[in-house]
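Quick one: the structure is below, and I'll ask about it shortly.
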Amino acid sequence: MPFFEELLKNKSLYLMTLPGLLILLLFNYLPMAGIVIAFKDYTPLLGYFRSKWVGFKNFEFLFKTSDALIITRNTVLYNLVFITIGIVCSVGMAIILSEINGKRLAKVFQTGMLLPHFLSWVVVGYLVYAFLSTDTGILNRMLKQFYGMKAVNWYSTIKPWPFFLVFSNLWKTVGFNSIIYLAAITGINPEYYEAALLDGATKWQQIFKITIPMIQPQITILFLLAIGGIFRSDFGLFYLVPRNSGILYPVTQTIDTYVYIGLTTMGDVGMTSAAGFYQSIVGFIMVLGSNLIVRKIDREKALF
Amino acid sequence: MVKIRKAVSLFVCCALSMTFLLAGCKTQGSGKASSESGKASSEDLKPYNLVWYMRTTSAKGDARVTAKISDYLKKKINATITINNLGSDYATKIPVIISSGEKFDVCFTASWVADYHQNAIKGNFVNLTKTGLLDKYGKDLKKEIDPALLTSSSINGDIYAVPVNKEAAYAWAWTFNKAYLDKYNLDISNIKTLADAEPLFKIIHEKEPDIPTIVADKGFAMYNYLPYDPINGSASTLPGVIPLDGKSTKIVDQYELPEYQEYFATMHKFYQEGYIAKDAATNTADPNIEKSGKYFARQISWTPDAVGTPDVYGVTREAALIQKPAIFSSAGTGAMQAISNSSDDKERAMMFLNLLWSDKTLVNLVDYGEEGTDYVKVDDNTIDYPSGVTGKTSEYSNVSAWCVGNQRLSYVRKGIPADHWTKVADFNKQAVKSPALGFSFDNTNVKTQIAAMQNVLNQYLPSLAVGAVDPTTYLPQMVQKLKDNGMSDLLKEEQAQYDKWRTSKK
Amino acid sequence: MKNYRYRFRNQFSPVANAVLTLIAGLFAFVCVYPMLLCIGVSFTDEKSLARYGYRLIPKNFSTRAYEYVMFNSHQLLNSYIVTILITVIGTLLAISIVAMLAYPMSRPNFKYRNFYSFVVFFTMMFSGGLVPSYIINTQYYHLTNTIWAIILPACCSAFNVIILRTFFSSNVPASLIESAKIDGAGEFYAFLRIALPISGPGIATIALFLTIGYWNEWFNALLYINNNKLVPLQLLLVRIQNNLDMLQQTANIPGADKEAWIANLPSDTARMAMVLFSVGPIILAYPFFQRYFVKGMTIGAVKE
């Protein structure tokens, strides 16, 4: 059989993959059976098998709300912005750091940029509050001092929040995400650059004609993976930073915050599972679609 | 692509079928255990280890005190005990532990953690009434507990967890910082409603503009002073209340009642006058305000001795009740102990609970530790730390008596008035009993609507409650949104269950 | 006459260099400033926080927050040791497993690599959820109260596998491996002696992610660790913070024991102090891995 022939031919390669596959089986695939909880009225006494099947009932609360459109719109739009601007900024920052003259300075900057990753959203929420608080916040104090403006209740003003949130997300993730691109850049063969220099290319031309194309595999993969999370959101960012201010809901409420708020009082395992499944299946279909498109363009760059 | 799909589906099928096999075996296993009835006579009890999940944080002296408790229990019911103090992890961990069917005997539960109603309805907690456990092994327990507490914690007439014996009634009140009352010679004896306090607020805000006149934050819920019983539980803000005076049996949406509208309007006025912090709607309770002692008025759900003496920060407050004391339908569900359906010896667990409510030695062992090491007696019922030990250095000072068993039997620490319990008993007796006492709502049929409405309430209520927004526009908006998200379904369901309960009670 | 010397060194013009350095520096500053603010707040007297707000230089210096956290010092030291153990063991184990899974997936001669990619990626999208994982980890694998409950579930993360696979396919040319095989090398030997050494940046990236991930891990510890001796650092800090909050909220419950020492508990300052306890050591990890992000690591390989 061709299957076993292939196995024998590359026997050591297949053997190498065994530990990884085993871990995936034990800790990812076996628990995956629990997805059925999303379709059942689960009680621990009856377990997966005998709990009552309820079809799509656990999914209703995701759609039967007057806010269903808003939470979906917010989640998707923010994600699209995060993904595109995020990639541009991360790649840009990686290039800058790898190209500026002061190498030691660049290393210091890199370490500094990593710091936001370590601050939890809880702490960031406090820091943002120190900045935006109506009575004692830094922003209001500055506005009063330099512009003579009255104190603004930022947690009740909707307009600036999309910017606040996008900026917060960028601030927290660019440093960390640029590491992957940095590593990719260091892997580029310097001979390409030497050859380009001999041909009279400027630095900028080198960046756009060599660097960026050479790290394209990483960019594509990270883009595809990010698409998979299109219906998910960073709970800490959307719940803790705006301090769950009700007035801001139209621009800060996402599927995840909706699920959290809706279910904390009820603690329904089935509904929580349904929400997760809903987010997963949409993301999955999106990735399948995007992957197909990427395959058509360049088969090697695709995820699978 | 087809080849990949085939291979993948084969792979996933294998994995899934393996799991179903395993899961099937496991559930059958636990099924067997719970069907055993374990008839043990009180004479020849086999040794058994109880597993108890508690909300207290762990302390250095835990192992020592637990050993002493085990010794004591061995003598009484031939059982030893393992106490798992989950501390702040409790709220996250206990739902997972329960949902996974893990074996344990007793756990702390309430309306606000390890959701009592949900777990009872799902069958995770043992029905103490139907299984006869309460009557057979809980005789002493039943004698001790205030009947109103037992009634309020029953679901369809059955008890699924034993409520801690403590205050049953309470009354919402304004509390005022005595220091400022004295400074400006203010009299609070005439304050009977929310708005009566306004003249005082005006004076304080004028004379002391830098301190918060009214301390308000996300949790500000003074609207609870209105004479209605929310039948969804004390912490619930879901629509559905019934008047305490029992004059009507119709469950209504509180947010459309004129009294509530008046409340929101009054609070809005207070907010505009500057009595309330501008960010109140999004702030969580700030301990620094309490610590500084620089504030004037706060809310409280008052019980005897709640205020009147200096608190930990040295601040004394005086209360002005604006509500007639009442026992709400959620009274008993503030703190309870339940027996898990995964327990291997439910009788023993019940015997343990019986002791926890009736045996003075056991109660104080659990609450305060070993006499001599952890505490010394000052007089018959009062205790204090042994010399040289303070609350900070004590090896066992973490158990809150209000979480465990029978508070009437536990000693009181120095500083609490000696007649405290008589006051509480009288208070309970005089209080109005809600007509809904003993009713509990099963939300199975309206979960979708509740999830949606919870979001609406989260969006509008905090701002309305502290008066941060204009209720003439916002309140109708909220009500409309609630209606759009299934409020009428919820009210209909509540009314149907309530009527059924009422007629069955007779 | 304009000085074009920088061109021969293949660098930016001084103007461009200055602008880019400024951009990177500004962003790095914005990333570091909140951390400095945390430090400042952690050394402040709690009472003056309410009056003066968050300030970089404390109005009233105080080390009470640190004293409070050190009060749990015997546990703190223990938790540091546990976390270091978990991080080191976990990272080493995970790198081996991830690399052994990712490498074959990057080889063109590996027939089922798209199948593998799909299987790996699928675990990123779908998950059974919290309860099924908990059931399987406690009742079947018996991982309760062991550090393996923290290490194993994370040691083959799909994200790491896919990223490393992309690095391998970009940096390790098939021709190189082919020539090695012609010389008689086996696949595993080629992997170990040829592919790995030139994949420095990729491996370093994954190792850094793993180190940071294991260091920050607290949720699995919360679920599976009851034994106080095995509590890792982040969980300990989360517990200290939650206990602090709980203590302060219940301080004035009627009937609660009124302890005078509660009046002096730090709150926000302790929160900031704990940030430093947790971030301090790990921030050294990045400089450690930085030396692998050096250009030209792959020179020697291609010239062969």
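Note that the chains take the letters A, B and C in the order they are written out, and that residue 1 is the start of every chain.
Note that a contact is a pair of C-beta atoms (placed from the backbone, for glycine too) under 8 Å apart; a residue touches a chain by one contact, two chains touch by 3 or more.
Predicted model, so just to flag it, every value in this text is computed and none were measured.
Using C-alpha centres only, name the chain that sits farthest from chain A.
B
Mind naming the chain pair that shares the most C-beta pairs in contact?
A-C
Roughly how far is chain A from chain C, centre to centre by C-alpha average, rounded to an integer in Å?
16
Counting in whole Å, what is the centre-to-centre distance of chain A and chain B, each centre being its mean C-alpha position?
37
If you average the CA atoms of chain B and of chain C, how many Å lie between those two points?
38
Got the chain A residues that touch at least 2 other chains?
29-33, 42, 48, 133, 269, 304
Give the residues of chain C that touch two or more other chains, as numbers and ranges in rising order.
Within chain C, residues 112, 114-115, 118-119, 130-131, 135, 268 contact more than one other chain.
Residues of chain B that contact two or more other chains, please.
In chain B, 4, 22, 26, 99-101 touch at least two other chains.
Taking the touch rule as given, give the residues of chain A at its contact with chain C in the complex, in rising order.
6, 10, 12-14, 16-17, 19-21, 23-24, 26-35, 37, 42, 48, 93, 96-102, 105-119, 122-124, 126-127, 130, 133, 136-138, 171, 174-175, 179-180, 182-191, 193, 197, 202-203, 206, 214, 217-218, 221-222, 225, 228, 269, 272-273, 276-277, 280, 283-284, 287, 300, 303-304
Using the touch definition from the top, list the residues of chain B that touch chain A in their complex.
Residues of chain B touching chain A: 4, 12, 15-16, 18-20, 22-24, 26-27, 30-31, 34, 95, 98-101, 115, 118, 122-124, 218, 236, 277-279, 281-283, 341-342, 443, 447-452, 454-456, 458-463, 468-469, 481, 484-486.
Show me the residue ranges of chain C that touch chain A in the complex, using the header's touch definition.
7, 10-13, 16-17, 20-21, 23-25, 27-32, 34-35, 37-38, 53-54, 96-98, 100-101, 103-105, 107, 109-112, 114-121, 123-133, 135-136, 141, 152-153, 155-156, 158-159, 161-163, 166-167, 169-171, 186-188, 191, 201-202, 204-205, 208, 212, 216, 268, 271-272, 275, 278-279, 282-283, 286-287, 290, 292-299, 302
In the complex of these two chains, what residues of chain C are touching chain B?
46-47, 49-50, 112, 114-115, 118-119, 122, 130-131, 134-135, 138-140, 222-223, 226, 228, 238-239, 242-243, 245-246, 248-263, 265, 267-268
For chain B, which residues are in contact with chain C within the complex?
These residues of chain B touch chain C: 4, 7-8, 11, 22, 26, 57-58, 84, 87-89, 92-93, 96, 99-102, 166-167, 285-292, 303-307, 311-314, 390-392, 397, 400-402, 407, 413, 415-416, 420.
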